[in-house]
Amino acid sequence: MGDGTGVAYFDGVKKLAINWFKYSAPTTFYGLAGKMIPWFAVSAAILLAIGLYIGFAVAPADYQQGEFYRIIFIHVPASILSMFLYLILAGYAALGLIFNTRLSAMMASAIAPTGALFAFISLWTGALWGKPMWGAWWVWDARLTSELILLFLYLGFIALHASIDDPRRADRASALLAIVGSVNVPIIYFSVQWWNTLHQGSTIKFSGTSMHVAMQQAMFITLAACWLYAIAVVLARVRSIILERERNTTWIAELPEVKG
Amino acid sequence: MKKSSLTGLVMLVIRRDLLLAMRRRADVLTTLIFFVMVVSLFPLGVGPEMDILRKMAAGVLWVAALLSSMLSLGRLFSADYLDGTLEQMMLAPQSLSMLVLGKIAAHWIVSGVPLVLMAPVLGVQFDMPAQALGVLIIGLLLGTPILSMIGAIGAALTLGLRGGGVLLSLLVLPLCIPVLIFGTGAVGAVSTGLSAVSHLSLLGALLMLALVSTPWVTAQALRISME
Amino acid sequence: MKKSSLTGLVMLVIRRDLLLAMRRRADVLTTLIFFVMVVSLFPLGVGPEMDILRKMAAGVLWVAALLSSMLSLGRLFSADYLDGTLEQMMLAPQSLSMLVLGKIAAHWIVSGVPLVLMAPVLGVQFDMPAQALGVLIIGLLLGTPILSMIGAIGAALTLGLRGGGVLLSLLVLPLCIPVLIFGTGAVGAVSTGLSAVSHLSLLGALLMLALVSTPWVTAQALRISME
Amino acid sequence: MLEVSNLACSRGDHRLFSGLSFTLHPGQIMQVQGANGSGKTSLLRTLCGFLMPDEGTITWRGENTRDLDEDYHAEMLYLGHLNAIKDELSALENLRISAGLSGIELDEKEAMTALRRMGLRGRERLPTKVLSQGQRRRVALARLLVSDARLWILDEPLTALDVGAVAQIQELIAEHLAQQGMVIFTTHQPLQVAEMEMRSLFLS
Amino acid sequence: MLEVSNLACSRGDHRLFSGLSFTLHPGQIMQVQGANGSGKTSLLRTLCGFLMPDEGTITWRGENTRDLDEDYHAEMLYLGHLNAIKDELSALENLRISAGLSGIELDEKEAMTALRRMGLRGRERLPTKVLSQGQRRRVALARLLVSDARLWILDEPLTALDVGAVAQIQELIAEHLAQQGMVIFTTHQPLQVAEMEMRSLFLS
Amino acid sequence: MSSLDIWMRENPLAYVWLGSYAVAFLVFAIEIAMVRHKRKITLQQVRLIREAEGEEE
């Protein structure tokens, strides 16, 4: 090699060394995530149980909505999570695009399905709430519509990632899409102002101040539970993605679960 | 190595197209999501008044079904044309019409059926009554295969032409209008308390007619496009 | 032989795309006819009641404009990608973003402008009042370039993927919804006796934003897709 | 067996050739030669029936190929510029399907053997989109190994192939001819078939 | 001038080459050789900047091509598998536009001369869709005649060309080298350039 | 539809539980199952690749 007639050669040892350095982030993260998942999962389950207990046993019925309002303990956490997860996804995507870090792209693609599912739950539970409250499963209200669009944004991200086979191109293309899409989130959100809106505003105004506390407590606890659940699932998914993407590296081959 | 029969070949074509659809799973989903999205765009454009929305529901759903099956039709032959598989199909030792029928069947399974299954969910969003929904679904079940078959002719004729997608719609949409009219007519009839049977049986008759004639016509169109 | 400047190159790209559009005149027409056809399908599907039709008019026209510009966008880069011209554009000695802007401009002239010109004719069919028509046209004039620009990002991202057309719509339609809402909102405002200025100026702001950012984003997307 | 008499063909307003006649007997091979644009591809596509000749007839075993149609198709194999392989499918699936389309059901082992002989060992199950130009061409050419057609019509079979693959194809053709097959092909690269007289047809 | 050092490139999970280094000086020509799938096309596309190398740098006149970007593009010319010509446009229009895209404004006479030299006399104004494979390739190659780029990167320039055209291209390359140009190319067909030492790079 | 309405008014808690929470938990369960399944499959694949490499050497 060098000047003159160049010769391609394959230096196995060197490749290993470089790979070790380059992939060190996923390496450590893989193990760390594995250790953290049970903690998140267990605390999510416990908090969910507590939250639902307070929500159903302690908090009394609402004088206007009767028992139906109890959907709130899953509806609001799901709605809030679906929006935050999109922003986090876009953040990871931007990191991955700018600094070319592999792990961020993997995180972004691990978040997407969870976000989409929360968006779905929000829509579903909202629809179930809407039937007794508004007499219709669905109205074309700004809040509802924007949630639907959010679901489409998630699906677009997933579909684009799935249609590109080359993982590097898939990561970069869908990252760009996520970033462009995040510009849309506030725009959609402000469109509430141009629409007559049936949906509840952002502050909880239930009557009966004494119950207010229990309701709020229950909601915040289930919200925390959903956060923990989301983190646990995303971490579990990203571990599989790391395994899949890095399957040719030595550190993967040396993992006990691969060897055994 | 053994020789394959006519049905063997048709099944091969169907299996192949389904396999390809599985490999490009995103495609299948996107057609469906396109359908959902077109349907959801209308309330955004027209405004949220449920009364108007309920009246337009059947029309919007049928038009969206029409458009999304048009769009997915663009791909019916074009991939095979571009990579040369279509040439090889024309050299197959069996009738081209039957192979075409196989391709159409696969296309309907992949793009028509999910659409029919999705329709009730969307109908509910427009607050359609249950009976109207039922008629809508039967109509779509009879109508979407016709759309696929008529569309196949257009897809064959526009093969390899630029702007195929739009040109295709242009050729095919007028032919699909009867389907649209009977389909929405059936829903309209049932919502005004009449019987939808006559509309639906007309759709059935169209289906038979299409089944008999379109594969052959499509095969001829393919021959012309290959010259 | 002489060297060409940046503006020279952009003008070359625009001239070239317009020349190609002239050679494939059918394409230009078909986008327009698709628009007309989608709009005309609705009265068929929904029924002939003028009251409902008048209320849906703006929404239907905007949705149809959205869909037909989506369809024509599929071709924005794909032909150049398949025959290798895009590679050569990326190797041009000038900024890719500017070439992209040239291509988008040509696309808008070819597919957006005819649509804007056609809209009043269709609006009259739906019995839209003159003032609403005026606002509709201004809205379309401001909105269609935004659609072209946002669509260009989608077209660049889905380059070379199967099912491009439908996937493209899936990616791009949600991003276009604000345009749709402001566009129809303007018409709605004017029909209820309010002023459409705020909606239209929001559209204008979106246009500026798109003009500044989308060419660069599209160029990045193209680079990613070429790997 | 393949008899072409007085064939004339034109593309657009341009007469490519006329009065072309030849007969190809079992065990014979013919190279169609000519400069770029002389009508080689058009001739081969006419033989397949994709293009209608202006004049003249093409007969196979004494019968007009237009009338034989599917029976003729069962006995011939055409490989054009395009590879007729699907990017998403693996080499294996592609081969089995394309053989299936030409009427031959192939089991996995037979297909594997054929692909390995074409130098694709270890790449049989990869989606063909990740293969290079030459590897993709090899997948297409693997059909030659599993076909039982008598007549092979090959349009520039050697493009994109490296030296090893070219030798392989020459060997394959020699085998086919030895089994009383017939070959008609075009190429701009030299092709040597052992112990065979190569007939040439010049178009100009 | 073109200096490649320690280049490594992979497609998918597959490392194609690594530690590749060479320098190309004015007046030098280099053939990239290797079997099908050895990474020739990938190497050329990396040199153009379409693919990101895993490691290593490519410098032109001592500066990294990534930083030079458009200045590098102004001095190089790439011809890939694809012809980059439009079916609907005539050969003449195609040539003028593709030259324009690489920054050179060409008047009609210059373009005509170039096309005639490429053996397309009488076909300059036909839409290229009616041309044969080889004729279309010639339209693409006509860019070589009008370009003032120092570095030519050619991926299988000889495919589909007949003997006459191959000779023409060889002549062209010799001229370019005599004017202190640089050429890096791949081909599976033999290519002789008069009075030039041909350097080879083997990929495996 | 109306019978559903009546049932809903009479059994609001059942409606809430069956309609919202049961579905939400089902979604969670499906997601967890999918994630576990994916891990199983990827581990299998990675092992297969390792074995294939082992054979080559």
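Just so it is clear, A, B, C, D, E and F label the chains in written order, and each chain counts residues from 1 on its own.
Rule of thumb we're sticking to: contacts are C-beta pairs under 8 Å (C-beta built on N, C-alpha and C of every residue); 3 or more make two chains touch, one makes a residue touch a chain.
Just so it is clear, the model here is predicted, and its values are computed rather than measured.
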Regarding the subunit D and subunit E pair, does the interface count as same (over half of residue numbers shared) or different (under half shared)? same
If you tally the C-beta contacts, which comes out ahead, A-C or A-B? A-C
What chain is the most remote from subunit B, judged by the mean position of CA atoms in each chain? E
Taking CA centroids for every chain, report which one is farthest away from subunit C. D
Whole-Å separation of chain centres (CA-atom averages), subunit D against subunit E: 30
Centre to centre, by mean C-alpha position, how many angstrom separate subunit A and subunit F? 16
Rounded Å distance, subunit C centre to subunit E centre (Cα mean): 36
By residue number and range, which residues of subunit F touch two or more other chains? none
Using the touch definition from the top, which residues of subunit E touch two or more other chains? 12, 81, 88
Scan subunit B for residues touching two or more other chains and write them down. 24, 26-27, 30, 33, 37, 44, 47, 79, 162
Residue numbers on subunit E that touch subunit C, as the complex places them: 48-52, 70-71, 73-74, 76, 78, 80-89, 93, 97-98, 100-106, 110, 127, 146, 148
State the interface residues of subunit A toward subunit C in the complex, per the touch definition above. 149, 152-153, 155-156, 159-160, 163-164, 166, 168-169, 172-173, 176-177, 180-181, 184, 187-188, 191, 194
The answer for subunit D against subunit E in the complex is residues 11-12, 34-41, 81, 119, 130-135, 137-138, 156, 159-166, 188-189
Inside the complex, what are the residues of subunit C that reach subunit A? 153, 157-158, 161-163, 167, 170-171, 173-175, 177-178, 181-182, 185, 199, 217, 220-221, 224-225, 227
Hey, which residues of subunit B end up touching subunit C in the complex? 24, 26-27, 30-31, 33-34, 37-38, 41-42, 44-47, 49, 52, 55-56, 58-60, 62-63, 66-68, 71-72, 74-75, 79, 161-163, 165-167, 169-170, 173-174, 177, 180-181, 184, 188
